[in-house]
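There are structures below to look over.
Shared between the two complexes below is chain A, which pairs with chain B and chain C, respectively.
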Partner chain A sequence: MQEGNAMQMDPAILALSRYRRRRFDDTIDLTTDILARNFKDQAMWFLKCRALTAKNWIDDTEMEDEGVAELLLDDHSVASAPRPGTSLKKPFNAESGRTTANPGIRPTTRDGRPVTGFARPGTGSAPGTSRPVTQSGRFVRLGTASMRTEEGGPFIVADSLDLKKYAQRPALAKALCDYLLYFDHNAKKALELAAFATEEVEFKDWWWKARLGKCYYKLGLYRDAEKQFKSSLKDQDMITTYLELGKVYIKLDQPNAAIEYYEKGCHQHPGDTHLILGIARIHDQLNDMEKSLLYYEKILDLNSSNIEGISCLAGNYFYEDQPELALRLYRRLIQMGVNNTELWNNLALCCFYSSQYDMCLNCFERALALADDNNMADVWYNIGQVAIGIGDLGLAYHAFKVAISVDGNHPESFNNLGVLELRQGHLDESKNNFDAAISLGPYLHEPVFNSALLSYKMGNHQDSYNQLQKVLEIYPQHTDSAELLTKLRKHFS
Partner chain B sequence: MIANKNGTPTNKNHSLEETGSELREKIWLDAWYDPLANITASSSCMTFCDVNGDGDHKFVVASSSANPLINGGSTGLPINKMRVYKGTQVVNESVILEEPVAVCSYYSDLKMPRKSIIAVGCGSFVFLYRNLQPFFKFTIPPIVIDPDELAIWAKLGSGKYDEKTGYDELFKLRDLNKQLSIRSYELLSLTEREEIKNLINQRKNTPLNTQNILTCMTVLKKDKDEVDAIGCLVLGTESKAVMILDPSGSSVLKKFQLQNVPVFMVTHGAYDNDYRVIIACRNGSIYTLKGDDISGVVIELDSQPCGMLRIEKSIVVGTMNCVLHYYHTRGKKQYSVYLPSNIKNMELLDMKAQRNVKCVIAFLENNELRIYNGKTLIHTIATVDQVVGMCFGIYGTEPNVLALSYRNGGVEFKMVSRVAKLENTGKGGPPPEQEIPLKLPTRTKIYMEQTEREKEHATDMHRVFQKELCKLRLTTARAYVKILTDGQGPVSQSNHMTGGSIRLNATVSGLGPLFKIRMTITNTGQKAITRIPVVFIYNQQIYLMKQSIIEIPALIPQVQYKMGYDVLQIDETAGSDSIRILLCTPQSAIPVITAVVNMPLTDALVGSVPQTAMGQQR
Partner chain C sequence: MSTMVSIGKFDYLNEPQSDTFNPKIESDKEKRNWMIHMLYIRHDYVECLKVIEEQLQSCQGLCEYAIYVKALILRQKGKIQDSLSLFQATVMLNSNNPANLKQVGRSYFLLGRVSEAIECFDEAQKLSPEDWEIWFNKGLCFGSAKQYDVAEDCLIRSNSIQRHDATYIELGKIYIQQEKFREAIDIYIEALDYSPENSELLTTVGLLYLRVGDNFKAFEYLGNSLTHDPKNPKIPPDLIIQTILATGSIIQDHSENDVALSKYRIAAVHTPNSAQLWNNIGMCFFGKVNYVAAIACLKRALYLAPFEWIIAYNLGLVHLNTGQYASAFHYFSASINLKPDFASSYMYLAITLSRLDDFDNACTAYEKAIEMESDHMFELNYAITLYNHDDFDSARHHLLQFERLFSELDEEEREAEQNVLETRQRLSAALA
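After this line comes the complex of A and B, so read on.
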C-alpha cells in the first residue's frame, strides 16, 4: 500500500467496501495491515472480527453429523424404553399400526430406516472409515488449522481477554461472541462473555439469550440451552431460535416436542419453509411417510424450488409405483441446475420404470461420467438392476462385478451377484457372495433370506432355520421367510 | 441415492391348503361295509330303484369283469353280473352277456303298483328288466357304411380287385375323410403285404357291418319333471350320435348327430315341454340338445372331462387337470375350484327329507372323499381304498345313502347324518384379504401422455435404446476387463494365478493418531494358497507403518484370517488420506486384490497424548 498516494482510497473505507462485497480475505488482509500500524483501532478490530467470522460461518440451524463418541455415549434421551413414535431411536414400524415403507420395496439405510430422497447430515454416514470421533473435536481441529495460517499468532487470544470489559460495549461484544463461536470454536469463552453481557442488559436482550443457548448447546448442556432459547423466544419471536430449539429437542430425543415448537413457529411465521422442513424431516425419521410427504408438499407450495422437498417427493413417488411423476420432479431439478450423479442415476431409473427407454441409458452414462468413488458403485448396481430387468444377465453380472470392484463394501451388489451365480449353478460362489453381503450389510434382509433358501434347498435345515430367525429379526413381516419357516417346522416335528 | 431392491429368489409353492373340515360335525355315518362283495362297478353302473313297487328301494349294480383283482367266482372265469341288494342281502343275481356300460331305472307307464324298469346297457344293446326279469332288448341301429367302401369290399370278395388295388382304394377313401368301418381301419393299419393278403382272404366273404357301441345312458322325464314321472332313455353312442327312445324302449323318438363321442350326459326338464340334454364329449366339448336342435353354445373345456353333474341350473364338470368347473346351463362360466389331486369320481349329493341341499361329492386319487357346496369345501374323509364308483340315492327307506364300490371288490354304504351341516357357512371361499382393494396408484395424466408417446415413437425409442444398450455393454465389458487385468476389487476375479479365489475386507479402527487396519482375508476357493505378499501403499509424509510389505504364509480354504496392523499418523495437520492394500502373488506383477481404506481424521482432543508414543516407536 502506497502511502500518500492521492488516488489511493482510504484503506479503512476500502476494507469496509470489500467486506460488503463479501471479499473477506481482502478485508482481513487490509485490516491486518491497518491494525499492525495501530492496534488500538477499534473500528478495524471490529471489521476484522466480523470478516473472520463471516469467512468461517456455518449455517448451524441444520442438523449436524454426530460423531461416533456422541452416538455411543449419548445419555440425553429422557425415556429408556419409549413407546414407538415418541423417540427417534424407536420410530414407527408396521406393528404400531402406521403405514410405513415396506423394506421389501423401499431400500433401507444402514440404520434400518427407509431411504429418503435427500442425503442430509446425520443420515447416511458410512461406518468404519472416515466418521469423526467427536463433533467438538472436529471443530477444535478446524480452529487450530485456521489459526496456523495466520502469522504472528492468533488474532484474538481469548484466554487473555477481560470479558467483563467487553461485555460493557455491546457492539464489540456481539462481534467478539460470534468470533469466539464460529472462528475460535471456543464455546466456553463465548458462554462466559454472553453471561456477562446478558447480565449487563438486565436479561432483556433476546440475542444474548439465543447466543447463551447456542453456547450451552455446543457444550452439550441441552437442558440449559432449552431454557435460554425459550426465554429468548419470549422476548423476541425469531425463526432461527425456533430452529435451534428444535435441534435441542432432537438431541434430547423428544421429536414430538420439537414438532410442537416448529408448529408454533409456523403459526407465527406462516410463510417460512425452514420450520416446515424441520417438521417434515422429523416425520421422515419417525418413518411416518404420509405425514412427511404432506409437509414436503406444503414446502413446495411456498417455494417451488426447494431441492430437498422436490427430491423427497420424487423418491417417494418412485417407490409408490409412480415413476412418471418422479421423472417430472427430477427433470425440474435438472432445470434448476442441479447436476450430480445421484440425480442422473435416479432419472435413469425413472425413465426405465416408466418405459421411456430411449432416455434411460443415456442418463446412466452421464451419471457414470459424474460419479466419484462414493457413488459409482451405486450407479453400476443400478445398471445391473436394469440389465436384470431387460433379461441381459451377462451384462448384469459384469455390472455387479464392477460395482464390487469400485466399492468393496456394497452388500446389495454381492447379494444380486449371489443370485446370478446361483442361476448358473455355482453353489459355492453364490454362498460366498451371500455371506459377504450379510457381513457387509447386516441391515439387509434379502441376502440372509437367499442364504437361508439356499441352505434349505441343499438340505441344511438347521442353518436355514437360524438364518430365517435372523431375517425375521430384520424384517418381521417377511412373508416368504415365514412360509419357509413353517415348512421347516413341519420337517422338524 | 436410490438403490433399487434386489431380485430375490422366492419359493413359489402355493399349495392349496383347505382347512376347516375337521371342526365340522361328522357327516357320514358308516352303515355297512362288505369287503368281499366281489363287485366292481363304475358310477354309471349303479342305481337305487323301487323294483317291486313297495316303496322299499333296492340297490342295483352291474359289475364289470374287467377288474383283475376279482376272480370270476367258482369257475374262475370272469363274469359280468347284475346284482340287486336289499338291506344287507343279495336278493337277485343274473349274468350279463357283455361288459355293462350303464344302468338306469325309470318308469315306463302309470300302472299301479309303480314298478320301475331297470335298463342295462352293454355293447350295442340295452336290456330292459321288469320284475327283475329281462323282457325287452333294444338294439342300437348299426353304423351306416359308406356305399363306396361297400363296393370296394364287394369287388374284393368277387375277386375283381387284388389286395393292392383294394388297399389303395380304401386309402383314398380315408384321405377323403370318409368314416370307414373298423375292418377297413384294421386293414389300413397293416404294412406287410403278406398280412394284408391274409386279412382280406379271411374277411372278404363275411358281410361288412359295424356295430354301434353304447357309451353312456341316462333318463329324461317324458311329460313332467318329477321323481315318479314316466321317463325316456337317452343313449349316447360311439358313432357320435345321441338317441332319445320312447318310454317302452322300442323305438327312437329323436336322433342327433354330434361332432364328438358323448361320454357324460345330464338332463333337465321334460321331453314334452322344454328339455335340455347336456352332453360332455370325449374331446372336452360340451354340447346342449334343446328341442329339435343342437344348441350353438359349445363349452370348450381346458382338459378332458371326468365327470359331470347338474345342480339346479348349473352344471359341474370335473376335468383331468384337477379342476371342478361350474357353468350355467346356458354356457356361462361361473367359477372353478382347484383340487389338490386327480378327480376319480363325482356324484351329486341331493339331500332329501330334512333339508334341501345339493352338493358335489368328489373322490380324488389321494383317497379323499370331499363334499363341496359351491366353492366351499364342506367335508373331507379318507376312504379305505380307491373308489371306482359311487351312487347317491334312496336305499330301503333311508333317503340319503351313498353306495361306494371299491377297487378291491368291496361295497360300502354310508348315510348322511340327519344333523349334518352341509350349508355354506360363508367362512370358506376366497380369503378375506382378497376383498381389500390393492393400493394401486392413480393413473396420472403424465402416464397417459407418456404412453401416447411410446405408442407413436415406439420404433425410434427401441432403436435408440438398442444403440445405447450396445454402448453400455461395451462400457461395462471394458470396465470388467479392466478390473480383471488390474486386479482391482476385494474379490479376486480370475483363478489361474492363485488357484483359488480370495476375498479381502479391510476396515480401520482407532481414534488416532494411532490407528489399526483390520483385514479379514478368506480363501473362498477349494485349494490352499501359500506365500502371499501383501503390500500397503500410503503417503509416507502422513503415515508410518512398521512394515509396508508382509507375507502371509498360507491361506486354507473357508477359514477367515483376521489380521491387524498399526498405522501412525505423523503429520497431525495433514488431514486424512487413503491407504491402498494390494494382495499379490509371487508369479504376477498385477495384484490379485486391491482394497482401499479411507483413514479417518485424527481427533485433536486425544491427539496430544500418543505423540510421545511415536517417539518411543522410533
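After this line comes the complex of A and C, so read on.
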C-alpha cells in the first residue's frame, strides 16, 4: 500500500475496505482514530464493534472441554442411573451387545475410552493438558485478556450502557450483542440486551432467540437455552441453531435427543457436514463404532477433505487389521498439507504393519523431527513396538528407555519395559516397572494383569488376587484374568 | 479342592476336646457349630458370618470353630492376610488341632512365604503324622521353592497314605517343570486308573502326548476329555479352550482344515484375544490356500503376542508361498531373533535369501541350519540352491548327504514325502 494514496482516501471508506479484507487490526486502529475525533460517529462505532468481535471470534458450535468443577459438580444430567447407551457417562459396553472396540486390540485413552483418530476437545487424549477450573471461568479470563490489549480503557463499558435504548436500534444492538458475547464474554449483559431486543421485535426475530439461547447456555441455564433454540428454529431453520441445540443436549447428557435434532437438521440441510459430524461424534462417544464410522463415511462423501473424518476412519481401519487402507487415508492427509508428528507416526505404524519397511523408519524420523515434549515419548514408544516386531529387543529396550526419559509419565512404556525385563529374568526391575505403569496409567489393564501374573508365578496369591480384581474392573471381559482368577479361587477354597 | 476343606472340618468336629474343664461353658461355645457348618457348606456366607458374629460375641471371641469358619470365608473372598491372623488365633485357642496349623501353613503358602509354611506343616505333622493333606501341602511348598526332589517325595508319601487326583496332578506338574514328560505321563495314566473321567487329567495327558510328539494318543485322550460332558460347569473354560486348540491342531495336521476351523469357532467365542487361537486359524487358512485370510489372522496373532516366535515363523512361511520374499525375510529374521535355536527357521531364511538373490548369505544360513541339526530337507534345499547358482560340485556333495540321511529314515516316512522324492529325482537327473 502506498502511503500517499491511503492519505488521500477517506479513512472511513478505508476502514470499511480493510474490514472486508479481514484486516481487523488495521480497521480497529483506523476506527479508533476517527472515533477519537468524533465519538458520536455511529457508523465507525459500529465498524469498530464488528472488527473487535470478528478479531476475537471463536467457533463455538464445536464441542468444548469441560472444566474440573463442571465435571465434579455436574447436576444437569437428567438421569442419575442411566441405561447404557443413553448417556455419555455410561456408553455402550460389550455387554450391551453392540460392536464396540476391543480393548485388547485398541488402546484406551485416559478416560478409559477407545482412542479415536482425532484429538478434539472432550476426548481427553492430549497428555498433560491442564483443565480450566470452570468453563465460565475461562471465558472471564479471556474477557479480561482481550480488555487489556486495548489502550485507554475498554471500548465499551457494558455496565454503564442503557441497553433499552440500544435495543430499539436493531443493527447497533446486534453488533453490540455479539461484541458482548465474543469480546467482552459478558453473557449476563448480553442476555439483558437480547431480552429487551426480542421484546422490541415482538418475539419474532429468530436471531435474538438464538442469541438468548447462547447466553443462557453460557450461564449454564440449559433448559432455558433449549427453549429459546427450539423457538428460534420454529421461526427460521438454521444449521448453527441445530448445532447449538445439540450442544445443549450433550450438556444435559441426553445424547439421543442431540442425535434426534442433528438428524432433523440433516433432513433440512442434507449437504451439511457439520451436522453429520455432530452425529458421528456422539456415536463415537457412546462407543458405537459401527454407526460413527457410517457417518464419517457420509461426511467424506460430501467433503472429501474433512480431516476429522479421514483420520477417524484411518484410525479405525488400522485397528481393524487393515493398515493398507489406513495408509491410503493418511497419505491423503499428507497431500492435503497436514504435517505433524502424530500423522507421520501413524503413517510409520501403517507402513510397518502393511510390510513397507523401507518407508517406516523414514516416517519415524520425520515424526521425531517434528515432535515436541508432548508427543515425542509416544513416537519412541512406537519405535519400541516396531523393534519388538522385528525381534530386535535391544533396540526396543532402548526406545522405551528414551520414551521414559522424554516423558517420565508414560505408563505404556513402563509396562513394555517391564515385559522386556521379565524376559531377561530381572524380576524386581520388571515388578517396579509394572508398578510405575499402574500408578501412572490407572486406565490400562495390561500392566495390572502383568503384575498379577508375576505375583502368581512368584507365589504371592494375595497380591495377584487383588490385582486381578482391578483388571476386571477396568476390562470386565478380559478372559486371561478371569481364568487366572478361577485358578486362584481353587487355591483359596 | 472344596471337599478337602470339609474333610478337615469333619475331622475337627469328631475330635475329642482334650482340655475340657467345664463341660457347661464348652458346650455353650460349641452349641451353634452345627448351624455355622451347615450355612458354610451351603455357601450362604452372609448368613453364616452373621451367626458367627453372634456366636463370637456371646463367648467373647473364644469360640474356635466360629473363628475357623470365618477365616475360611475370608480366604474365599480373597483376604488371605486377614484370614491368616484368624487362623493364628485358632491356633492360640487350641494348639492341639492339626487342622488349625494346616490352615495357617496354607495361608503362608498362599502369601508366598514358603519357608514359614513348611515350618507350620512340620509342626502339624507332629500332631498327626499320617495325614495326606499335610504331605500334599508340603509338596506344593517345596515345588514352588523349586526343590523338586523333596517335593516329589512329599507328594508320593501323600499318595501312599490316600490317593487323590489333586496330588497326582501336582506330581505331574513337578515332572513337567523338570521336563520329565514320560514320568509325568505315567503318573497321569496311573491317576486315570482311579478316576477315568477326570477331564483335567485327560486333557493334561493329551497335551503331554502332543508335546512328546505322539499325536495319535494325544488325540485319543483329548477326544475323551471332550466327550465327558463338555457342558460340565466344573471344567474350567480355559481347559476346554486348551482341549479345543489341541484337538484342532491335530486335526489340522491331518489337513482337515474345515473341521479344525469349526472347532476354533467354538473357542473364539470364549477367548477372542488369544494369539494361539488366531495363529492356528491363520494356519488353517494357509492349508486351504487362502493366503490373504491367513496373513490377516497371523498378523492379528502377532499383534496380540509379539514375542511368539512361531507366529513370525508362520508369517514367514505364508509370505514365502505368496512370493513376497522381502516380507518373508523380515518375519524369518524376527523369528530367529526371538528363538535362535530353531534350525528350520534358518533353512527357510536361506530359501528366502536365495530367492532374493543373496547367494552368499543363503549359503551361510544353510550351513548354520545344518550345523545345528542334520536334516535331509536342509541338505536337499541346499543342494537345490547350489544347483540354481551353478555350483554343481557342492550341489552333488549335499545331494549325497541328503541321500545318506534320507536312507536312514524308515520306509513309512519316506513314502509320506512324495514331493521330496520327486524333487530328488529331478535334481539327480539335472546333476547327472
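Keep in mind that, in the parts below, the second predicted complex is superposed on the first by the 481 of 493 C-alpha atoms of A that agree within 3 Å, B and C clash if a C-alpha of one lies under 4 Å from a C-alpha of the other, contacts with A are read in each partner's own complex, and residues count from 1 in each chain.
One rule holds for everything that comes next: a residue touches a chain if its C-beta (ideal position, glycine included) is under 8 Å from a C-beta of that chain, and two chains touch if they have at least 3 such contacts.
Owing to the predicted nature of the structure, the values given are computational and were not obtained by experimental measurement.
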Contact breadth on chain A, by residue count: chain C or chain B: B
Touching partner for A:E483 - first (chain B), second (chain C), both, neither: both
Partner chain(s) touched by A:I388 [first = chain B, second = chain C, both, neither]: both
Touched partner set for A:H461, first chain B, second chain C, both or neither: second
First (chain B), second (chain C), both or neither touched by A:S305: neither
Partner chain in contact with A:Q42 - chain B first, chain C second, else both or neither: neither
Contacts of A:I105 with chain B and chain C, given as first, second, both or neither: both
First, second, both or neither for A:S355, with chain B first and chain C second: both
Chain B versus chain C as contact partner of A:G408, first or second or both or neither: first
Partner chain(s) touched by A:S439 [first = chain B, second = chain C, both, neither]: first
Contact residues of chain A, present in both the chain B and the chain C interface: 104-105, 321, 355, 357, 385, 388, 390, 392, 419, 480, 483
Complex contact set, residues of chain C against chain A: 1-2, 5, 75-76, 78, 80-81, 109-112, 114, 144, 236-238, 270-274, 296, 299-300, 302-304, 306-307, 309, 312, 324, 326-327, 330, 333-338
Of chain A, residues touching chain B in the complex: 104-107, 115, 119, 124, 128-134, 136-138, 140-141, 144-145, 148, 315, 318, 320-322, 324-325, 327-328, 342, 345-346, 349, 354-358, 360-362, 364-365, 368, 373, 375, 378, 380-383, 385, 388, 390, 392, 395, 398-399, 401-402, 404-406, 408-409, 412, 415-416, 419, 422, 428-429, 432, 436, 439-440, 446-447, 449-450, 453, 480, 483-484
Interfacial residue positions of chain A with respect to chain C in the complex: 102, 104-105, 321, 353, 355, 357, 385, 388-393, 419, 423, 455, 458-462, 465-466, 469, 478-480, 483, 486-493
Contacting residues of chain B [partner chain A, same complex]: 1-11, 13, 440-441, 444, 446-447, 450, 453-454, 457, 460-462, 464-465, 468-469, 471-473, 475-477, 479-480, 483, 488-491, 493, 501, 503-505, 507-509, 511-512, 522, 524, 573, 576, 595-606
